[in-house]
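In structure tokens below, several structures.
Both complexes shown next keep chain A, but they swap its partner, so chain B is in the first and chain C is in the second.
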Partner chain A sequence: MSNSLVLHPAFVLIVSALALSVMRGKGRNAVILLAPIFAMIALWLLPEGKLWEVDWLDYHLTPLAVDKLSRLFASIFALMTFAGGLFALRRNSRLEIPAAFLYAGAAIGVVLAGDLVTVFVFWEIMAVGSTLVIWSANTTSAWKASLRYAMIHLAGGVVLFAGVTGHLLATGDATFSRMQPDSIAHWLILVGFLINAGAPPLSAWLPDAYPSASWSGMVFLSAFTTKTAVYVLLRGFPGTELLIWVGLFMVFYGIVFALLENDMRRILAYSIVNQVGFMVVGIGIGTELALNGAAAHAFTHIIYKALLLMSAGAVLAATGRSKCSELGGLFHSMPLTTICGTIGALSISSFPLTSGFISKSMISQAAADGHLQTVWLLLAAASAGVFLHAGIKFPWFVFFQKDSGLRPSDPPASMRWAMLLFAFLCVALGVWPEELYALLPYPVDYVPYTAAHVVTQLQLLLFSGLAFFVMLDYLKRTPTITLDVDWFWRVAYPSAARQAAAHWENLCARVTADVSVKAVTVRSFIARHRQPDGLLVRSWPTRSMAMWVMVMLLAYLFLYYLGR
Partner chain B sequence: MKNPAPRTHWLDEPKHVQWLWRGFIAVLALTVLAELVFSLHPTFQIEGWFGFHAAFGFIACALMIIGAKAMGLLLKRPDTFYAEDRTDE
Partner chain C sequence: MSLAQHLPALQVVLPLISAPLAVLLRRGGLAFVIVTSAAWTAFAIAITLWLQVDTGGTISYHIGNWEPPWGIEYRIDRLNSFVLVLVSGMAAVVLPYSRASIEREIPRESHYLFYAMLGLCFTGLLGITITGDAFNLFVFLEISSLSTYVLIALGRDRRALTASYQYLIMGSIGATFIVIAIGFLYLMTGTLNLADMANNLSAIKSTRPVLVALAFFTVGVSLKAALFPLHQWLPNAYTYAPSAVTALLAATATKVSLYALIRFYFTIFGDSLVFDKLPLPEIMLLLSLFAMFVANFVAIFQTNLKRLFAYSSVGQIGYITLGLSFDSVHGLAASIMHLFNHGIAKGGIFLLVGGIVATLTTRQGIPPAPTFERLAGLAKQMPITCFGIVIGGLSLIGVPGTAGFISKWYLILAAMEKGQWWLVGAILLSSLLAIAYVWRFVEVAYFRAQPVDQVSRGEASLSLLIPAWLLITATIWFGFDTSFTVGSALDAAHQLMRSAR
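Presenting the complex of A and B:
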């Protein structure tokens, strides 16, 4: 035990979550705003290295370990908790913010864990916290979605647990370090991680569950689960080639489904899968530049995706609507929300001078440096597709297009400040990338702003924009949804289960009818012998006992003489 | 929530939208012409083609829209498909 007296940033948030659940009024607001700041300070006071070490059963655990990668992720999580708390300050729910802080604390716990057991424990707390955040929206659909969400994540947790157990049995070492998918245990760990990343085939849990959260709940949800998955993949499986193809699938899955989607927050949910896909590709490529790119992209993504969801949340809170077919023309009365949403949209599209430009391009550059031409071309197509589905489609259908006649006003001050903070960061990171580059796990000698890069990126994006407006007729919004794999667990499986249950009942009825006749015979036979006066149960008089013993002894004597 | 007499915004005027379109097309042309001024240091041969990124961006997006549309024919359903969504509204 070499535990120094340090404050674990995860516990700062988890303890404040417990306190917040009973607090009210100004004290509550103060804790919401101060706890993430304390967590951030606690994090930056920690030196690098293994800080807490415990021996548990036969294993050496490290519940608190810090290096550049974990500090980067913990920092953005703390920052996200602050902005999310500020945005949600006026949300009228006693459950949501405590749940979100528990969730955020657990996410920080995962990224500061030095061993797989601690990772697993915080992983499960995260599942509980996020389920509660969805649940706190307090609608029937949110309740049902939270159950489906919990089901997927608990199943993922079981897979991860099996993998961790197998790893412990095989190696006896709990340290969370780089692994190869070379054994069943490691495959299970990889699958457990990928489920949380929104990877196929279960990606649909994300666009199913997140958009049923409240207008502020989804802002929290967008940040933690998928990005802790990115973190654990970065630490556990860098350079695993399979991840390139998994990531590319996620990228295009997100684009195509987002293009078909009508609900603005489901568009943004699909776009989370799309963006995490870029990070997973970077992890699969596995060079220092690619891993830096994946980490940087996770950092910038959390900010601009939260910003996009804040602007969508402001619209939802003001109008109660989230379907593109019922929105439009909101720039008239929500100028600030429009501007902030557009900055988020430009950032996710990687426009020069925004944060996406300086992070996503590192992954593309790593593909080019590795001469992976197919991967590079697909990433370029995907970048164009991001502008299409999130960069233009979201702001266009929500804030512009036809005038819906709605004239809601910009949200209250706490929400405005949260949006302004993140809009500022999107631009600041794009203009001064060095600050972020200094935090990345490997030294960076990548220069995003070259004439060639700016020109080619502008060509790619602006011509995508042209394609959007030229083909606008094909993108007209209809009040529809698109079936996704969640159909299997929302429709196919329940109806199969109902049919199976009906068959089972039928079978039981038939068997009962067939067997009952025989059963009556058997029963009466048993009863005759076993009832209180039955042949085998009734008590026998002592004298008959004595007589039978005498008969047996006589028989024995007789046979004995016969034998001689 | 609704103003009694919504004042028209300059973006509501078709004339101004047309200006925006012209500006947009001019910028598009500029980004392609910029290739004549700046060297692009292509990594792959295909990148060296004149206007490659512009054409690739446009074609990739067109294909994705058509692909999504085709998938939509198979997979689109009314948004009341999952019964529980009805109970909320």
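Presenting the complex of A and C:
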């Protein structure tokens, strides 16, 4: 079906990314805004089912397959690309938007893939695209962070590839369908997926890498990698009980570190881990309601997290600061940003009439329905924690609290419109949840606005709000950086490596001194032989070639003589 | 008899006639037209033959209607129809490219000789591939070798002459060994027809003369195929030859020698002799591993881009012989596939490197070598060329989505079938070395600042870019649509393994 190939939404974005890398001026702006819309139209013109099938090696691949779940994720990705492109329109970088579009296109490619091989290919493109987005911040710390990020994701890709290969060899079937973690191959696939979701013990890549991106780059980054991971888990491993505990760990990990954190964008990065944790719990529960909840939460989370990061990005772009201890009182001069940021904050705390309320409550309800009391209690406690760290802490320290004396104005029109669009969506989804519920993979008979739900949630929020202001003194941050697991690769490994190197040098010195001057290190050996007449580079004289021919011939003759 | 029945003869005769015609015309332009049209016709014929073999099975053509085993037989089966497509296809792509490329690399008055030699060279290669007669094979081998020596010597760099001379000596040793082996076989079987020889040989397989023939043949062909450690002629020959010649040689010459090796091992000696009774698979495995690691490692430290990719060719030949040493259908298929996949990728890369050479400023009329310090920041000036080299490089590494991945995949499958997990690790490790040398190019071209004193230069001309990009596109194409490569290679492997049992 060449027809549908042309209209593959992922290719629309990837091709426009290639085009954007050479475009400038008004044409570029037009492509940035139109390409996601075009991708969205292309997506909704596709019927459901397997649309494009190819045979590759001995396997039957389906690079384009659409069902309700994949359409839901692809839609929010296209929408996110549009809003992110609009927000980043004025960003002065030739690399960032093409990289982000490549990244977004690959993410859509993953969710529209019907087989594991295609998933893997787009998975890797996604890793490349996101690394480029971080890189395009063009600072030294971003460069280093992008390398750490790329290393973890390439390692994750290798694990995933090993799993996919094992799966292909064992079953001969490439279809991406439900799996159980029952063989090494499937475990490897699960681990590969979880690394991208920001699961322990490697969660730290996320708050390490994302905040190093530019003020607009992080908006893109927040949406795609973790949510494609949620999608593949939804499709591949629904109802795997382990995921409940992994998810709960992520929920509390995010809360604790976000509360300790001082940098506003690192707070929001930790809260991504926390929110993805909710989704992973939903996937682990695995009932229809829970899966619906996880999918809906991914949808709404992309919107409000992007909104929060846009407001944080607007502050960063205007002030150049991102530490809570250096900000405050910005509501005087940035009223629109304050309002939008607050709507995002209310949404993430699941305030009734915002989008977070209608999605997160589905997961809690599923836990209650499944009689998972511990899970339900922990989720309720976590909801309060979310309000503490993201719902109040972020807007309070950035826009209110003490006056920092900064008086930046609201951002330019393109950024304002992007924020307004997502703020509107946050409220609209909260008020009319049916529109979103209709898109979910399973039929929904869940009603979010019952008196019990609303009252419980309001009580929860009220008391945690109270707690915040009572304990305000403890929560005031000092200008520090919090290291968690990334301590290992930011501090421990380098220092261990340095120590090892020191020991090694000692040893080498001793060996060289003790044994003889003849002992040379491999390094100097290679360096020496890279000279024009070195062993590695020089041309061999004809006679030595001829000698080798004789050696080979005699060796063969001798071996044949023996072997007979 | 209609023309269609004579296609096997025409496959060789047309290019063969084009060469003396080119000399007689003595005009570069006319010679170009003649040889190019011969190459294109040969390509069309090769595709037709491939289709005929695909539907109708093995074709046997008797030259001058002399019945084999007395007359010369051309025998086309799945394996050589596939190699014919590669050889004639490469000739058809390289010839149009060569016109603009040799403009600066070869003195104008010897252009017609260049075309004549190129015509002879691929005539010889096609002949080796198509013939079913041992002595005929030797004759064609000499035709292609002699013309190759001339082609390499045509390079303007003075070192081209030594490189060519060295290759002449080594090639002659190789050819002598091959003719000695054929002599022994003739002595023992009384026939030169390959199929007949295989029949007669089955009774006297482990006699000493046959084993000696096998040893001479293996060493002789290993030399021509640049199998480690007999590869030392190759880096110089590739580095100093004119760019178009390098591309043609890299994509076809060593590949055809490997074809001859496969043909003799499986069709004539039979694998029970080659693989079961003698320690040949172990030796070949060892040499392949050496090639994969040593040559790839040496490639990392080269400063001349052409030389870097020349060493990488030696490493890639290691993968091909590694597949042979498994003595299984998948291993053999991986080798045959890699012949093709590596041929197009390396051909494309060398054509692009030729484009870079064409834009370097000449010194006293001689284009300088593409060394890394001259390539710094190249991606800004020649983005299309550099991007193409990177894609070709990805195929050398074996990244999914490129042709190189497909053959490596089958190689890994074959290793797994044998339960040789450590070999899977070795294949992947050697790919890391390939990443390192490709990265060296990327680092220099994309991340290094352009030297201040360098004159800025533009993209290579379209007549150089289009043929090169045809091959690079083919690398991507055959990474996705594998029906031609994998289909042909698997069929050929099945056919060979059947005939060998």
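Keep in mind that, in the parts below, the second predicted complex is superposed on the first by the 494 of 564 C-alpha atoms of A that agree within 3 Å, B and C clash if a C-alpha of one lies under 4 Å from a C-alpha of the other, contacts with A are read in each partner's own complex, and residues count from 1 in each chain.
One rule holds in what follows: contacts are C-beta pairs under 8 Å (C-beta built on N, C-alpha and C of every residue); 3 or more make two chains touch, one makes a residue touch a chain.
Keep in mind that what you see is a predicted model, and the values were worked out from it rather than measured.
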Touched partner set for A:Ala452, first chain B, second chain C, both or neither: first
First (chain B), second (chain C), both or neither touched by A:Leu559: second
Contacts of A:Met545 with chain B and chain C, given as first, second, both or neither: second
Touching partner for A:His332 - first (chain B), second (chain C), both, neither: first
Touched chain A residues, chain B compared with chain C: B
Touched partner set for A:Val121, first chain B, second chain C, both or neither: second
Touching partner for A:Leu466 - first (chain B), second (chain C), both, neither: first
Chain B versus chain C as contact partner of A:Ala428, first or second or both or neither: neither
Touching partner for A:Trp56 - first (chain B), second (chain C), both, neither: second
Shared contact residues on chain A - chain B and chain C: none
Interfacial residue positions of chain C with respect to chain A in the complex: 166, 169-170, 173-174, 177, 206, 208, 211-212, 214-216, 218-219, 222-223, 229-230, 232-233, 235-236, 277-279, 283, 297-298, 301-303, 400-401, 406, 409, 416, 480, 482-483, 486
For the chain B and chain A complex, residues of the former touching the latter: 1-3, 6, 9, 11-12, 24, 27-28, 31-32, 34-35, 38-41, 43-44, 46-47, 51, 53-58, 60-62, 64-69, 71-72, 75-79, 81-82, 84-85, 87-88
Chain C contact footprint on chain A (complex, rising order): 54-57, 117, 120-121, 169, 526, 529-530, 536-537, 539-540, 542, 544-546, 548-549, 552-553, 555-557, 559-561, 563-564
Touching residues (chain side chain A, partner chain B) in the complex: 139-141, 144, 252, 255-257, 259-260, 262-263, 318-319, 323, 331-333, 368-369, 371, 373, 376-377, 380-381, 384-385, 388, 400, 403, 405-409, 450-452, 455-468, 471, 474-475, 478-484, 490-491
